[in-house]
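Okay, structure first, notes after.
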Amino acid sequence: MMKIDVSLSKRLGDFDWQARFSAEGGQLGVFGPSGSGKSTLMNLLAGLLKPDSGHIRLDGSPIFESASSINLPPEKRRIGVVFQHAHLFPHMGVRRNLLYGFRRTPANERRIDTNDLIEALNLGPLLDRGVKRLSGGERQRVALGRTLLACPRLILMDEPLTGLDEGLKYQIIPYLKQVFNRFEIPYIFISHSLNEMRLMTDRVLEFAQGEMTGEVSSELLARRGMGTGQGGYSNLMEMGRLREDDGLYIYRWGGQEICLSNGGDQDTGMFEIMSKDITLFKRHPEASSARNMLQCRVVKVFEAGNRIGVELDCHGQRLMSQVVGSAVRDLGLEPGSAIIAVIKASAFRRLY
Amino acid sequence: MMKIDVSLSKRLGDFDWQARFSAEGGQLGVFGPSGSGKSTLMNLLAGLLKPDSGHIRLDGSPIFESASSINLPPEKRRIGVVFQHAHLFPHMGVRRNLLYGFRRTPANERRIDTNDLIEALNLGPLLDRGVKRLSGGERQRVALGRTLLACPRLILMDEPLTGLDEGLKYQIIPYLKQVFNRFEIPYIFISHSLNEMRLMTDRVLEFAQGEMTGEVSSELLARRGMGTGQGGYSNLMEMGRLREDDGLYIYRWGGQEICLSNGGDQDTGMFEIMSKDITLFKRHPEASSARNMLQCRVVKVFEAGNRIGVELDCHGQRLMSQVVGSAVRDLGLEPGSAIIAVIKASAFRRLY
Amino acid sequence: MFEFSPTDWQAISLSAQVAITATAVSLPFGFMAAYLLVFSRLPGKALLDSLINLPLVLPPVVVGYLLLLSLGSEGWLGAMLAKVGIRIIFTWKAAVIASMVVGFPLLVRSIRIGMEQIDDHLIQASRTLGAHWHDTLLSVILPLSGRAILAGASLMFARSLGEFGATIILAGNIPGVTQTIPLAIYDYTSTPGGDRMALGLCLVSIVLSFGVLVLNEGLVRRFRKGVK
Amino acid sequence: MFEFSPTDWQAISLSAQVAITATAVSLPFGFMAAYLLVFSRLPGKALLDSLINLPLVLPPVVVGYLLLLSLGSEGWLGAMLAKVGIRIIFTWKAAVIASMVVGFPLLVRSIRIGMEQIDDHLIQASRTLGAHWHDTLLSVILPLSGRAILAGASLMFARSLGEFGATIILAGNIPGVTQTIPLAIYDYTSTPGGDRMALGLCLVSIVLSFGVLVLNEGLVRRFRKGVK
Amino acid sequence: EVRLSVAASMTDATRELIATYQKQNAGTTLYPNYAASGSLARQIELGAPADIFISANPVWMTYLVNKGVVAAETITNFARNSLVFVGKKDLQVTSLSDLTKLERIAVGSPKSVPAGQYAEQALKAAGIFDVLQNKLIMAKDVRQALMYADRGEADGAFVYNTDALLARKAKILLQIPQSLYDEVVYPVGLTTVGEKNRAAADFFDYLKSAEATGILQEYGFVVK
């Protein structure tokens, strides 16, 4: 469990940067448009940029404090960094790059198995290559592995998954999460992608024009996204598989059976269903191409931008649907009313 | 209109690369997993890497031909490149970087207005900056602008939109398309994102392990994506707005009214509706939260991976829906049968 | 302090003049030589390289002697120049040439090291943006070698200030005409009791080169700032 | 060809020995000096820089005198060394020291130019991966300056081969003991008919330094290849 | 073990002296150190090991005597030399006054080269120094002056008789009358260290022997 307490300001040319937050928990996101100061936060925390004033405390002990002139050098902070551009050492091959931090970690701190990691990041075929002969995505993976192997007490990741193809990305995320969880490495995750953010973090710091403008749960950030149109809110459902039936996969979720057209190989999985993919019906519709019809109860109806969010209770599980204003009238949506949530089997997206 | 005819092979260390294709038309995509050789194609075309053998012909005239030892130098090819990493000139400010190619373009070839471009890429505030003080996304935008201003006869873009936030990305795409169309600059677009690919290109070359494995329409690529799960097929609909009504936006599409919860400001727009968001009903369902119920006729039912694709004719327009196998039986889907396509107003995503 | 004689003052100003001229004239040649060595695919690169390094390996006096062989009235170059009425040896021009030849390897080597570290991608970018190789040379390679060029120039300037062996052979040690600081120092140290004046002249040399160093650093800083 | 006398052969082997020793011994110091000049925040950097450049600015003979002043039996360093039974002057060690001092500015300047071009991000990356500054120095800065170090070393080697002025003062011109190639050449040029032999020795110098150059290029290539 | 500091102009003669001496005294090793007299004097002054100092002019010998490192009583004039003017064969130079017709005259730099000082004395005595001043090419040492004359870069040069013998093209055109300049002597002396070195004293004596005198004369020196 990490406890981080930050209050910093920094002037870069004519760009004024400042932030003040404290957070507890393993995962913290940083979200904001291009040029809003996300990478700057990373540089300040890692000790690569000296703040003008303020303090950084990690787990209670100060690693920077302008008042008492404390300023731990980067290597003493044990804060790992995955840069936006890989910045691999050009004079070493892939293997030596990967092991650079590992070798500098005391044996009792080496909590990650090299072979595990190499496999997870699919680095095996690259090990004996020179770094100048890697493709863009390959570089990024090596950089990620290099930082992980240093087993730092906090990892800062600056758009680490950018440049990876989607397949690889969603293949890496669960491994990352698993590593981070197993070894209890907290991290701060910078990304432009709401989805990566949802999957990787709980709480998110928002930046705009150099200022930290607020702190929200990644949940809330996603709900707010519902109103702004790029994809809406995504319900994340972790489900266990029951059986396969006629090309369809039947999963168990909250005491009900959910029917998916795209299951994958593993027994459990993380699936995404977008709020806009949940259609609400007053009565059980006949002859629909949709396979899942869930009996639900409305918990809350709220506005999100120009949409209406409907929070549903589905045998104890929560689902978020999004409808338009007139539907609220037509269906008589109000807390407590019974409703059928219809979801197409193909609307689920397996994340991992 | 570009006509490109390529047949090349190249050995890089123990990596064998080869491709043979010819294409006509303004937009060509290149798709493939990390390390499959996409950037290598770019380097070969631009003249930055010398092929071992083969030829490249652009609009009929050879720019490389191993048989007759033709090998035009990069500056003679007039093929612009946007690199995966920006590679801005560190000794120049943003303005001089932007104008570098522009100044080297004969006046009669300078078809793009500098101010237009600066505005479109939102570069105004950066103009007087040094490039070392740009954020990752800012660098990428400057690199894009620099290449565009050189007004080349073909532009190669290597994941040019990576590192941009979604908002900015979909803001830039229509501008890019507009510029490319207006000045008839053909381009080859490398990306990991199916959606960017759909929006930017018609035809797509697929690469795997250094080999060009095929050429498909971006349409087909997307249809195939339906089966592989990441998002499915997206129907792209260009629609004109009719009116606003009770917080909803009514658009005209194929002689019908379409109701969207998220319209945006402009009168016309490009909207995306995923195939999985189109639910099919035998009869008109009563009391649904879905606002759009379109009378359609089934054109074709085909398999795509473990899903079933249903091509619909909707008053002359095409729509692609995706359902599971059992739905085909239940609804009696076969070419010619009448069906109701139900789409939630919130399922539409405005791209631009 | 030191009471410099008029010929001493002449030596000082001559030294400065020679060092500046030698450095300034060599710069473009040094840059081109470094460019050829780093970027070209000439077959005779190793040979060119050793040729440039020659004056470094040989004792300066030998370099002076070899220069005299070609630039003297009997030498092929000297004879040619004599026809158009130019005499090099025993004039300050000879001192400039001696300094140029002796300092050239230092200049080239410095610029080279800088050039070798330029990111290939930047050169590629400029080519795809329509720059011919000579345009790239001037607009990308030259400015990116800027600091190395400055470093090489100040190295060469300093070396020129200290150049003795080749100069005294090619230019002679003629007070007021070709006597630079090192030659004046030689005269002083060859006289019992001349040490103090020799020391004084050494100090002048040091101050001059320190000045150039400070100027250099200043330029580098302005350079960096220009880039922001 | 040339019939070298035994003392000539001694001069040749001594020259090689001196140049190699001077270069090898100077390398770590040169590297540290360059590091201090590029990366440290010492207040006296400009001073250190000019101090290092001093031997370049002064005529080598003057450098020789200054060294003699401190290393001679009357000099403070010489007196100290004499107490532990070490005599430097008029031994081959003196020739090494003369070459070291005269070549040092060249070495430092070369390494510096290379170091200045190292991408800061790589240093930052190594620090965040747990490397202390001295670890970063050895594992990142040193190898990334590799080519510049090689270049500086070959520059210094060549300069050592040609070093005359400081050597003749500090080491003396004793055939078979301290007479290096340049000193032997000096002797020959003041002997009737010695020109041919002087030329022969020059050629040997050239061949030696060419060898080092080729070795250098080879190392650079292996270096690159190691990196792939 | 004997260490000699020998003026560069005596290099060849000394080499032969050592060789002949060593034929008879195989047990002694001789270490000659050849450089300009001024350099040698400075080295000895600053503690360089030397037993015998052979100087090209009395000034540096006196300098070392004053510093107390050379035993004054041991100093003898070992050899003498004379000043000549060399130049191309066909030059019409029969007296010093003919020199005013010449374009360029090489001479050792009077400030640092003894031969240059003697030449300056002679020219001043002949009253033509001011006329010639701008035609003088100052050289680092006599050999360089000779080289200029030999290669035709200068019309002629003031050099020692011993040096003139080394010239390939240039010929002796004029013997400068001894009356116009101080006598050119090569003093030799034992250092205070050398006095205590038996072998050094032995070689020192050999330098004054008839055999040594013969060798010196062979190289063009005058021995009285």
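As written, the chains take the letters A, B, C, D and E, and residue 1 is the first residue of each chain.
The rule we apply is simple: a residue touches a chain if its C-beta (ideal position, glycine included) is under 8 Å from a C-beta of that chain, and two chains touch if they have at least 3 such contacts.
The structure presented is a predicted model; accordingly, all values stated were derived computationally and were not measured.
Path length between chain D and chain E in the touching-chain graph (shortest route): 1. Note on connectivity: the fewest steps through touching chains from chain C to chain E is 1. Among the other chains, A has the CA centre that is most remote from the centre of chain C. Taking each chain's centre as the mean of its C-alpha atoms, the one that lies farthest from the centre of chain D is B.
At the interface between chain C and chain D, over half of the residue numbers appear on both sides, which makes the contact a same-residue one.
Note: centroid distance chain A to chain E, computed from Cα atoms, is 90 Å. If each chain is reduced to the centroid of its CA atoms, chain C and chain D end up 20 Å from each other. The distance from the centre of chain A to the centre of chain D, with each centre set as the mean of the Cα atoms, comes to 56 Å. Annotation for chain D: residues 61, 65, 189, 228 touch two or more other chains. The multi-chain contact residues of chain A, meaning those touching 2 or more other chains, are 13, 85, 129, 133. Each of residues 42 in chain E touches at least two other chains. A complete list of chain pairs in contact reads A-B, A-D, B-C, C-D, C-E, D-E. Put simply, chain E touches chain D in their complex at residues 3, 8-9, 11-12, 31-35, 39, 42-43, 45-49, 143, 165-166. Listed in rising order, the residues of chain D touching chain C in the complex are 46, 49-50, 53-54, 56-62, 65, 105-106, 109-110, 112-114, 116-117, 147-148, 151, 155, 158-159, 161-165, 181-182, 185-186, 189, 198, 202, 205-206, 208-210, 213-214, 217. Those residues of chain C whose C-beta lies close enough to touch chain B in the complex are 119, 121-122, 124-133, 135, 139-140, 143-144, 146, 227-228. Residues 12-13, 15, 33-36, 38-39, 84-85, 129, 133-138, 141, 158-159, 162-168, 170, 192-194, 229-232, 246-248, 259, 261-262, 275-277, 279-283, 285-291, 305-307, 321-327, 330-331, 342, 344-347, 349-350 of chain B are the ones that touch chain A when the two sit in their complex.
The touching residues of chain C, counted against chain E in their complex, run 68, 72-74, 89-90, 168-169, 172-175, 179, 186-192, 194.
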